[in-house]
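Consider the two complexes below, in which chain A is the common component and chain B and chain C are the respective partners.
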Partner chain A sequence: MRNTRMKTLFVLAAVFALALWSSAPAEAAPKKGGTLKFVVGSKIPSYDGHIESTFGMIHPIRPFYSLLIRVNPDNPASPTDFVCDVCEGGIPQPTEGHTKYTFKIRGDITFHSGQKLTSADVKATYDKIISPPKGIESNRKAFFSMVKSVTAPDPKTLVFKLKYPTGAFVPALALPYNFIYSKADLDKHGYKWHQKNVNGTGAFRFVQHQPGAFVEGKRYDKYHHKGKPHLDGYRAISAPKMAIRLQAIRGDRAAIEFRGFPPKARDDLKKALGDKLTVQESDWNCNLMVTPNHKRKPFDDARVRRALTLAIDRWAGSKYLSRIAIVKTVGGVVFPKHPLAATKEELVKIAGYWPDINKSRAEAKRLLKEAGYPNGFEFTLHNRGVDQPYKVVGTWVIDQWRKIGLKVKQWVQPSGPFYATLRKKKNFDVSIDFNCQSVINPLVDVSKFISDDRAGNQYGQYQDRQLDKWFEEMNREPDVKKQRAIMRKYEKRALDEMAHQFVTLWWYKINPHRSYVKGWKIAPSHYLNQHLDNVWIDK
Partner chain B sequence: MYKYTIKRILLMFPTLLGAAVLVFFMLRLIPGDVCELRMAGTGMYVDKEAIATCQQNLGINAPIYVQFIDFITGFFTLDLGNSMWTGKPILHEIGLRFELSLQVAIMATLTATIIAIPLGTISAIKQDTWTDYIVRTFSIAGIAMPSFWLGILIILGLLIMTQKFFGNPWMPPIHYTPIWEDPVANLSQLIWPAVATGYRYSAVATRMTRSALLEVLREDYVRTARAKGLLEKLIINRHALKNSLLPVATIIGLEFAFLMGGLVVTEQVFNLNGLGKLFVESVTNHDYTMTQSLVMLVAVVFILTNLFIDILYAWLDPRIRYS
Partner chain C sequence: MASPSDLAVSEMDFDTLPERSWVDKIKDTARKKPLGAVSACAVMVMILLAVLANVITYYDPVQNAFDSMHVAPGAAHWFGTDQFGRDIFTRIVFGARTALFVGFSASILGSTAGLILGVGSAYFGGRVDLIFQRFMDIFISFPLIIMALSVVSIFGTGTQNVILAITIPLIPRCARVVRSSALAIREIPYVDAARALGFAHVRIIFRHMIPNVMAPYLIMLTSFLGQAILLEASLSYLGLGVQEPTPAWGLMLQGGAEEYAESAPWIPVFPGLAITAAVFAFNLFGDAVRDTLDPRLRSE
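Up next is the complex of A and B:
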């Protein structure tokens, strides 16, 4: 009797488990065909990835090209997961004391022009990026300053030799701008040919570009990732106004926009479209910073700079600003999801991140008094004339500073004059600045804090040889644990002890898209995962 | 008449030179340059050497007088050079947008004329009646309402109403299809900006038609025609309306010229890839060569439109003769 009951229970449990399993949503198989229409909020300068920096070029042009390695399309949220694109197997392990990387290049890849890809093409590409001839711009040369040589001993082998071991090398290879060009094109047409012409090995072939209107691509049938791409083609439509991009998704003139929308736009779209809309969200590898001008009094005084950062309540700001702006994540100098980033326990020990804001502001007032400003002082915050998130965050920090007795005016300039003031004239008191990268590569990304005679993008006009030393040490240290330990000292000095410049909040990426768009996974940067070979349409 | 026309054409050159000097030097007063924006506009690492190479390649570092001579020589030989932003020939870039801007300008002008002349005439004939008040309210609303705002309302209205009545929200296409390729797609995109712009444009022209016609209707020759017992319809159509159209033609002509490059905001609202949008983009991109060429193009359009209007005057009013 007992045995029968046990058997019955067992059968019932099995049936229940089976029912649960069968009702679980299965990952549908990708469907072939269709044209993906997406909107792009920026403009294409040239087609040459080695020169340009805007996502306005990446979104429409990246699908025509391949890279040596790329961020894993199935796991783009991971800041450390890279996979081969034109190479085969996994990412090679370095040899010769972490200074030699040997890549095996696939033998089944052809350019859209029909020519076969070999390691000579990849070498020619990296030669152009790392050591371009005179008169040829290369915008990311500095990312490869560790490279001693690139050689292609045979058509299937590519070897990078480094001057020193560094963890910054592999992420730099995955930069989405490192389009692989044909050596024959470079030899025959010259190094400027790719500015106006396209010939890659990507998932899509170039069809046409109507400047200011759209770029059109169609499926490349000989694409080397078998079974992909799923789409017949795509059309990247230029739409500089955010309202148009939103309405385009609502009115189904476009299915997706890859950069990101503010929370209110997401909510409006969701309300209008219901389950016809899917929303993907992610931390974003961009942050807004506050940069005091060290050449101007009183910002040459570390106590004043520390007071500025201590006054800002980042934890509360994250809560409230994330409802209206594209910022959310509280973090230090490193992208918060990266293994080199500070944990919350580590962060709360840094000035400006203390959990008790009253204590923090009391300390800020004490520092101002000690520096000779017991009643505060007046200054101007220089900001960029872009709403999201610059003006929102600018207005917020002004209010935060008001709470420690500072009177701040906001000076807003359009992008061109803003850059000229920040980078050339440098006639500001305190400026909003930003650090926005593609592949998460903290060892390079934190270069913004080193001395201005060494960093290309530090506008606070200070020199700090201690930070420079630690930066070099981190970059030459192959052991991640040791890198991390140096990074903590670096972060503490840059943000707290010297408060040279400081991070406000990290951005937060929100991508609402039509639910029929499948296969695309959000990455922590709007520059990543834009090859579109895994996207399909479920209509 | 011929002498006058030739004299006017010759006068174009000093006018254009003046415009060229102004735009060339004023553009260079704006801080920043195209290379900085292209290569360092995203907050990433900035390669100063790459920016310097870019500036060298684009000739931004060349002495200012060399740049000016290049620009003037290029303009008068119709070689406008390449866009600093895209590197593509400026004539090609403008040509792509010119067709769309011209079509919108023509459609808006037609919309405005079709609305303005009958309404202005009715308003004048029925002066100080309810009809007149309604027409005047309609035209004042047109002047008061910016066309880009009306454009936004149109798009939102279409999205909301189509969703309400058909289940799926619909909005006009967001990229241009030439009318000979697909007239339906073309008109379904351009009819809305033409209405939004044409309404404001018609409001100005309606008020001008009304006041000009009222003035003419008080002239002696109209009184004489009435005294002779001519039908009111004939008096209006044959004697009064034609003479009252002189100032209306000026307004319509100038508005048309404005529409060719001045639909800056409306083109943004409807995502039209026209000359106005190109204008905004070239200014924000610090694309000197493109902005200079566009300013000169608009100057040429204004000068030619004014010349055309002057010649039209002579046709509309036989008393006017140029010598």
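Up next is the complex of A and C:
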């Protein structure tokens, strides 16, 4: 029985990986040397991966660090292909009823400071991530709620014991934020030292950071992956404005931008640079959501929320918005094409995904009338002051809602105040929100929809114990088919029956880069595959 | 020496002089100030566009029309369409409403508040004037855009807050100019007479002083219009003004300048031209009003 399940999972994962991998270019033998210059459109809040969530930190800082395991750099599109980084061999098979994972740690790794890495360093790192002392932040603590204990019985062995078996554990280990820190650094300097200092075992050593200008790294000669890195160094150039990042690539002041550009920018670059430019594209593990404030009338009424989602023509939106914004794929709560994601046949049964938009909008009007708003009503859409894709999608959904008689104004805030409104003030009617993850781990990624007293990033201010129950069941269910069945019920309730909050479109990643940049393969997240040890310059 | 009968005759002659019609007066002013006349026409056209927007164009300024994305200027769409398929000419016409509404509101509010404060400061004089003018100095020391940005960052975005953001930095500029005229008015005996008659301060300020400083007030008001329109466009361009889908020139420029300057240049070019034309027209109009109302310039 277990074998059949494993085979099914394997086949589904292989098909999924193959589908995503199709855009990856073929590679020749790597050349040594050169400095990679890339542009980064966001600032570095701190160097500490355990507390940050922005690509502004990941892109320039990730190359200084290693992880316990990582997404396979040669197949980053796969949601199930993980390889060892500081561990050796393959990903260990779980024992004791899938509740114990024993990792063997390599003995040939040294930190940039010269100190040898042992399992005690990895344990200290995961202790900081999973159970930090009071007053110490850890952004991804919740991802490891299944972990019972972490032990290092000897310098080469690390053991994780889980409270229950779950498929969400291994992907959580591969999160690109889980930088391995030195226990000696943590003991000597404290848990906040890494916010302003760098000492890792990554492919590159920290040289300098000129705030607002660039971060510079140079090759670490004792890097543990033999023959890597290929580059002599890199320079991550800060360029908050998209026009500047585009011009940097166009003028060859930078070779690549790892987050992604909108389609028009890709077309302009391609037109200007021809075959000097290579474009890699991929589905993106990010979606843009609409979150009604359940504490405000009339959004406390499920009929009104359903009307909002029914008015949105996602299928047409995908066709047109993909020409002007970094969104494309129509999907439900799970990353599209993942084995746990809804198929198109399943999606079209959910409110807001019906193929006949006229029927959908007629139903939306009926619901509004039934809820006491036959002539619609006015409200404000809260949005983030970032063009791609927030403001573009915001303008689009406002137009969609006009078609069922709703009058909507847009209230745009810069990122800081935007988050403050979502998290603290909560004084919005309906807000644009997003669910952006790194490693594809649907069992954890869909936690966005559970009750707000359990999910730290649910801003709709609702509690739904049924969803909480199904979420727990999914995470403890080892059978993929059963997981999938629960996921469908979960999705239907979250997006349709209760319409607590809803997905508009999934993002689509477009990375145009100079053709001389080789070895880097696009992943379904701008956080993944940024260690740069496999990148080389063919110049 | 003229006899009383001579005086009576000359008064009679004056009364019998033919009254010049307002058309003649306008023609005369236009001849003397051709630039002012052209700018006044441009301002009138802009006001007409704003008022008759629904009649002038039949496209919806906010409705997305994805079948017509990035259409180049032509017969169907004179100024082309934007990334959402919206007709740019229509959005410019409707955008004139936003520009004029914000421009007039901020200018009138800013100038009027400056008028009252400036006259009040001059009237009371002494310590009140001294302290008040130091506050004005602080406000004037900040460039308009910096001051407006600060106000928006405190109060947030949206049309009302943009008007407030533009109004606040205009107040001290008007107050300072008006105060200098009001200081002279304060020394004229009729103000003392009004005081001697026991009139309240408010009555003296509003009935006896403000009507006598209307010339600088109107000059400031008209010169502020262009600045206010430019500030509104600047704030919208920076994403701090009015928000999509409201048609506004700065916002249109912001949405198209970066991404489409190369592949669809009409998206940023036409809103840019609209802003330029409006500011130019209002500045010239303001200059013409100043020339007409300023006694020194009038005599020249």
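The working rule: the second predicted complex is superposed on the first by the 512 of 539 C-alpha atoms of A that agree within 3 Å, B and C clash if a C-alpha of one lies under 4 Å from a C-alpha of the other, contacts with A are read in each partner's own complex, and residues count from 1 in each chain.
Note that in this section a residue touches a chain if its C-beta (ideal position, glycine included) is under 8 Å from a C-beta of that chain, and two chains touch if they have at least 3 such contacts.
Computed from a prediction, not measured in an experiment: that's the story for all the values here.
Chemist: On the A-aligned overlay, A:Ala243 touches which partner chain: chain B = first, chain C = second, or both, or neither?
Modeler: both
Chemist: Would you sort A:Asp252 into first (chain B), second (chain C), both or neither based on which partner it touches?
Modeler: So A:Asp252 only meets chain B here.
Chemist: More residues of chain A are touched by which partner: chain B or chain C?
Modeler: B
Chemist: So, does A:Ser415 touch the first partner chain B, the second partner chain C, both, or neither?
Modeler: The first partner, chain B, only.
Chemist: A:Gln210 in the overlay: touching chain B, chain C, both, or neither? Say first, second, both or neither.
Modeler: Touch partner of A:Gln210: chain B, not chain C.
Chemist: On the A-aligned overlay, A:Arg465 touches which partner chain: chain B = first, chain C = second, or both, or neither?
Modeler: In the superposition, A:Arg465 touches no partner, neither chain B nor chain C.
Chemist: With the two structures laid over each other on chain A, which partner does A:Lys148 touch: chain B (first), chain C (second), both, or neither?
Modeler: In the superposition, A:Lys148 touches no partner, neither chain B nor chain C.
Chemist: Is A:Trp396 touching the first partner chain B, the second partner chain C, both, or neither of them?
Modeler: After superposition on chain A, A:Trp396 lies in contact with chain C alone.
Chemist: Residue overlap on chain A between the chain B contact set and the chain C contact set?
Modeler: Comparing the two interfaces on chain A, one with chain B and one with chain C, the shared residues are 241, 243, 414.
Chemist: Hey, which residues of chain A end up touching chain B in the complex?
Modeler: Those in contact with chain B are residues 39, 43-46, 51-55, 135-143, 195-196, 210-214, 235, 237-241, 243-244, 247-248, 250-254, 272-273, 286, 414-421, 423-425, 433-438, 444, 447, 456-457.
Chemist: What does chain A use to touch chain C in their complex?
Modeler: That would be residues 241-243, 262, 264-265, 267-268, 316, 319-320, 323-324, 385, 387, 391-392, 394-396, 398-399, 402, 409-414 of chain A.
Chemist: Of all residues in chain B, which touch chain A in the complex?
Modeler: Those residues of chain B that touch chain A are 30-33, 36-51, 53-54, 56-57, 85-88, 93, 96-97, 152, 155-156, 158-159, 163, 168-171, 173-176, 268-271, 273, 277-278, 281, 284-286.
Chemist: Once bound in the complex, which stretches of chain C touch chain A?
Modeler: Per the touch definition, chain C meets chain A at residues 62-64, 66, 69, 83-84, 156-158, 239, 243-246, 255, 258-260, 262-263.
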